[in-house]
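Look for chain A in each of the two complexes below; its partner is chain B in the first and chain C in the second.
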Partner chain A sequence: MVASFKRLACATALAGLVMTTMANAADIKIGIVAPMTGQLASEGQDMENAVKMAIDAANAKGGVNGDKIATITADDACDPQQAVTAGSKLVSEGVTAIVGGYCSGAVLPTLKIYGDAGVPFVIIGANSTKLVAANQGNAFLANSTGDMQATTAVELFKKNGYKKIAVIDEGDAYSSDLAKLTAEAFKNAGGEIAARETTTAGEQDYSAVVTKVKSSGADAVFWTAYHAGGALLTKQLRQAGFQGGIVLGDGNNSPEYLEIAGSAGEGVYLLSPPTVDLLSGAADFKAKYKAAYGRDAGAYAALSHDVGDLIVDAMARAKSADQKAIVAALKASDFKGLAGEIKFTDKNTLQTSNFHPVVAKGGKWVAAE
Partner chain B sequence: MTLDLVIQQLVNGLIVGSFYALIALGYSMVFGVIKLLNFAHGDIYMSGAFVGLIVFSFVGIWVGNGWLGVVCALLVSMLAVGLLGVVIERFAYRPMRSAPRLSILITALGASMVLNGAALALTGGRHFAFNTDLGFAGVDISAVHITYTQMVLVAASILLMAGMQAFVSRTMYGKAMRAVSIDMGASRLMGIDVDRVIALTFFMGSALAAGGGVMAGAYYGSVHFFMGFIMGLKAFTAAVIGGIGSVPGAMLGGLLLGLLEAYGSSLPFVGSEWRDVFVFGALILFLVFKPTGILGRSIVERV
Partner chain C sequence: MSEEATSLPAGQRQTLRRSLLPGLAALACALVLPQFANAYVLEVATTALLYVVLCLGLNIVVGYAGLLDLGYAAFFAVGAYTTGILTAEFGFNFWLSIPVSMVAACVAGIIIGAPTLRLRSDYLAIVTLGFGEIVRIIARNLDITGGASGLVGIERPEVFGFKLMQVQHFYYAFLVLALLTIFVCLSVERSRMGRAWFYVRYDEDAAAGIGINRVSAKLQAYMMGAVIASVAGCLYAAKMTAISPESFTFNQSLLILLGVVLGGMGRIPGVVLGAILVALLPEVLRGAGTYRPLVTAVALLAIMLFRPNGLWPDKRV
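Right, the complex of A and B next:
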């Protein structure tokens, strides 16, 4: 009795993994893999909604190559093990292509499954450089990898006329990598690194770093770590009378930063991922999204919508549901979406960074001119 | 090192140093009377900052976000957290007083985790803004900008510490404290209410740490559950350098440590990431070569 109950429970759990929308045999099936449960369920829900919105729009125009498109959502819960189960399930359902993936850790083990099956896979959120190495050629990263932020940072420095930069990180892998890449890129672009400093996470007093920055004669500071330290650093730089520019890495994209930094945060630049609120052309999309789903579009909704459009576009250009043809079509993508341009390199990563600078004005982030 | 840099680092060192000194005082006083390294002391500092923030946001409705609000927050928080210290002593340390030294040390670690965990659970790990209207106005000495807030902060902590020193050296209770620290058994025989003196010590030490917490929160503008950890370690270091158990030693140790950090990290070819290396390197050197610190007396262990 207990054993059969367990079996039933397992079967129910497996069934719960895959939520199939009404799919006719003739339809093209697109898999959506996203965290539908767990801490990031809200992001997953946004991804599903936004992709469906794009697919529905395509269906309303008659589908692609004469076929209607159906979607199947699988929950990876941002967990590597569940992601493997979800991925295998989608492949055995015979989906034509898959979009999604928010957590790099959960996407990584599925690349082999999709690669072996030859399913075209467009990754929406996940952006670890590890994904690039594990890719078998069928996967595409629609979000900038973390290292591309360095390119955007250097572009901003040059645009703002900064010549000597102080680069500061918090000593962890993410922020020190970004600091290193940016420092190298800025030097190659003819800039000068006036100071290269590291702070201790959890520390409140940054006076040592602030003093070094001031005496180094840097005309701007680039902070690559997270919002808590960023807010303290900003405040203490301004308190010490530092007049130069302050630029923050994407880890500072939090309302807490603006709260804590207060008036000292005014005029500070942030390198933002293509968050829907900070995209200039996304107002119409936001309104439509809210009308369709009764909730505000989350951070990755715009990019998810772009990927939905992109996969329809690729299938149309491939003129068939043949997976090899779709992969080839994705490779040749030249797509302009809400979140920016999607063109792939020979490693299937974005050619141009989709990070973009925003600036703090009146206690809010607004798109930088 | 240019003169500007020397002055700037002096300012930096004095500010962090006064925080270290305020917290080191509590460490030192508690160690003085019951020979306990109160590891919960850093979390007491953190609790002080949170209580201060709550009071500050509350009274801010009537008195605004200026000095008056900060002073209210400071006083209420010192009182409330002083009592918290007494409660911790009553329930966590007093039952363990005759237990082996290691047991009570572990209890102190437990008390630290209880406070830290409770703060994490209550705040969800968020960083809270402690936004005052104190502003960045001040005076400029060549290229060094010193804000009025910084001056008041250093003055306030020196005042608090001087008051503490006067209390310990001039009053009857202070005398009782010193007596308990020298010989608890004999003090009891002389009619001193030892439990009460110990409770008072915890009250004063915790109140000072809370004062430090409120000032740090208001000065740096942010408060979070983990802020007591590094501060606790560094204040402990300051107490050891100054001579643990000694009140003037704690103040001296705190200021010296602040200056060591500031000047150490501005040496050529040394990045600011080395500043903790200086701090804890100094701790090890003192523990090895002069465990009684600069102003501490050697304690003869009686068997």
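Right, the complex of A and C next:
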């Protein structure tokens, strides 16, 4: 019994080792850090796939500066501790640059590791404003920060004539930041916050929140957290007879939202980062993505693909794999990708917001008029 | 101390002598590890040492006194946030924040422990579970704790003018803390207090019958566990420089408990082994990609199936 158990343990450990050493020995290594396990694994998978697509395309054209590029993926599981080990693993493996990062809470403690090592880091998803302050100069936010989304949200509320808004978040760094900023911006614009609620990630029953929203007399609900909770909340709001508008933050931009919410999702607004479906130049990318990975490209696929291209572009402009030169090249980026323009401010954030409202019609997201 | 040692039964003294050599060998390995390892391996080793400290602390509560605590991460959070707030917001010296954290953990331990430790196991488990969640939710909602994004820019500690910066510095810091914790555990295990816990764990009524104040014995165990977790939290905050409520979830409490149960409740080398496994297993299996949680779970199930009392159980059980 014990012997067979030992054999099993050895086999498992060996299998793990073999798989880790499988990363190929190319000249330039790019690290991808994303949640590959846990609740947000679907987004993480999209990010990995899309970045790889961009890198593969660059390799097919002969690589960059004559060198081939390989990618190494490290799972941060959206957990601060795991993110730190994942990050230092990538740095120890000598990656030239790192892209990725979805959850702000998990990205924050890693900024120091990448900063100390001087590794250029392009953040794809995470966009808490605290990232800007903790940045040591080597990190770049390819996604609009929360305050930019808040501006887009308030514009939408005004356009739709909402006067009283219920703002609901999930209490994590990202969603509560967005909720706070939007509530402030809406108040400054003359609106009223009818209710301000926080739910717990992984919750199934939102009836308490639904009751509060209904009794507060809000014209619309603004949900700032992720699709798993958002879909259930939408369903339960509609089941309880809530007639007002529902607006979702960009964390809900996943095909799964519409699947879970079903007919309740109809007419719901979403503040979307540039989604593949709504980008005119992305039809080709979408088809290629589906062919390569057998699934539809999710929310961050286009942006992730752009970031993959951006890092190749920066290395080409830097004319070397020197990390300081790449950081300088990234700073000077003037890049036009699928998802729009990438130009950085002196704080390494995007110059222009890339959020835009979309609406669910017939089980699909379409551009809102 | 020497009086205590000579009063030990011959069998135990022999065990102690026999475990001295492997213990020293392990320590020697741990000391030279940074010479050979890269930053990633050291990062994982540091995490393992953090779990050694946390698991040993929880072992006092669960292993020695037999109190099922499902909210142990709360005390870890108390330590981390005390250091975070004092250094980042009020400019305190890191070392000064440690005694404050210990006091804060003691106070939290008394507040939650004094009324609830009269309860028997299952009820206590529920109360501690609630306590763990309360602490996390408070941290998430107060401005002083940085809300959901947590605190950033926590001061790095200095030792005689030398600033702890690199991962190997923190590796040694955690190693010292782990050794201190082992020393504390070894001492209390064989003290009058340790024996009292042991009796309480076996039979509360019989323990009360031979004159042990069971509530105060349990409270002592609870507070000692709390203090150890809070010191670990202080060092954790200094190492991460940024802390957020996501580090102190129910999962964290479970993981620490898992280390204790996996290694063997009530036995120091067992608990150390369990803690190291809990930290190492997910990293060793990184190559398994998205199957990582599944493989980890299967491995843990296999261990529990073949070694139901833990890998290195307490023989007194």
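Throughout what follows, the second predicted complex is superposed on the first by the 210 of 369 C-alpha atoms of A that agree within 3 Å, B and C clash if a C-alpha of one lies under 4 Å from a C-alpha of the other, contacts with A are read in each partner's own complex, and residues count from 1 in each chain.
The rule is short, and it goes like this: a contact is a pair of C-beta atoms (placed from the backbone, for glycine too) under 8 Å apart; a residue touches a chain by one contact, two chains touch by 3 or more.
Please read these numbers as outputs of a predicted model, since none were measured by experiment.
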item: Touched partner set for A:283, first chain B, second chain C, both or neither; value: neither
item: Which of chain B and chain C A:171 touches, first, second, both or neither; value: both
item: First (chain B), second (chain C), both or neither touched by A:198; value: both
item: Touched partner set for A:93, first chain B, second chain C, both or neither; value: second
item: First (chain B), second (chain C), both or neither touched by A:366; value: neither
item: Contacts of A:241 with chain B and chain C, given as first, second, both or neither; value: first
item: Touched partner set for A:316, first chain B, second chain C, both or neither; value: neither
item: Which of chain B and chain C A:262 touches, first, second, both or neither; value: first
item: Most chain A residues touched (candidates chain B, chain C); value: C
item: Shared contact residues on chain A - chain B and chain C; value: 171, 198
item: Chain B-touching residues of chain A, taken from the complex the two chains share; value: 171, 196-200, 202-205, 207-209, 211-212, 214-215, 227-228, 231-232, 235-236, 238-241, 256, 259-262
item: Chain A contact footprint on chain B (complex, rising order); value: 2, 4-5, 8-9, 12, 15-16, 19, 126-129, 131, 136, 140, 143, 145, 147, 216, 220-222, 224, 226-227, 229-231, 261-262, 265-266, 271-273, 275-276
item: Sites on chain C touched by chain A in the complex; value: 38-44, 47, 137, 140-141, 147-150, 152-153, 165, 167, 240-247, 282-290, 292-293, 295, 299, 302, 306
item: Complex contacts: residues of chain A adjacent to chain C; value: 1-2, 5, 8-9, 12-13, 15-20, 22, 36-38, 41, 45, 73-75, 78-82, 84-85, 88-89, 91-93, 104-106, 108-109, 111-112, 116, 128, 130, 133-134, 169, 171-173, 175-177, 180, 198
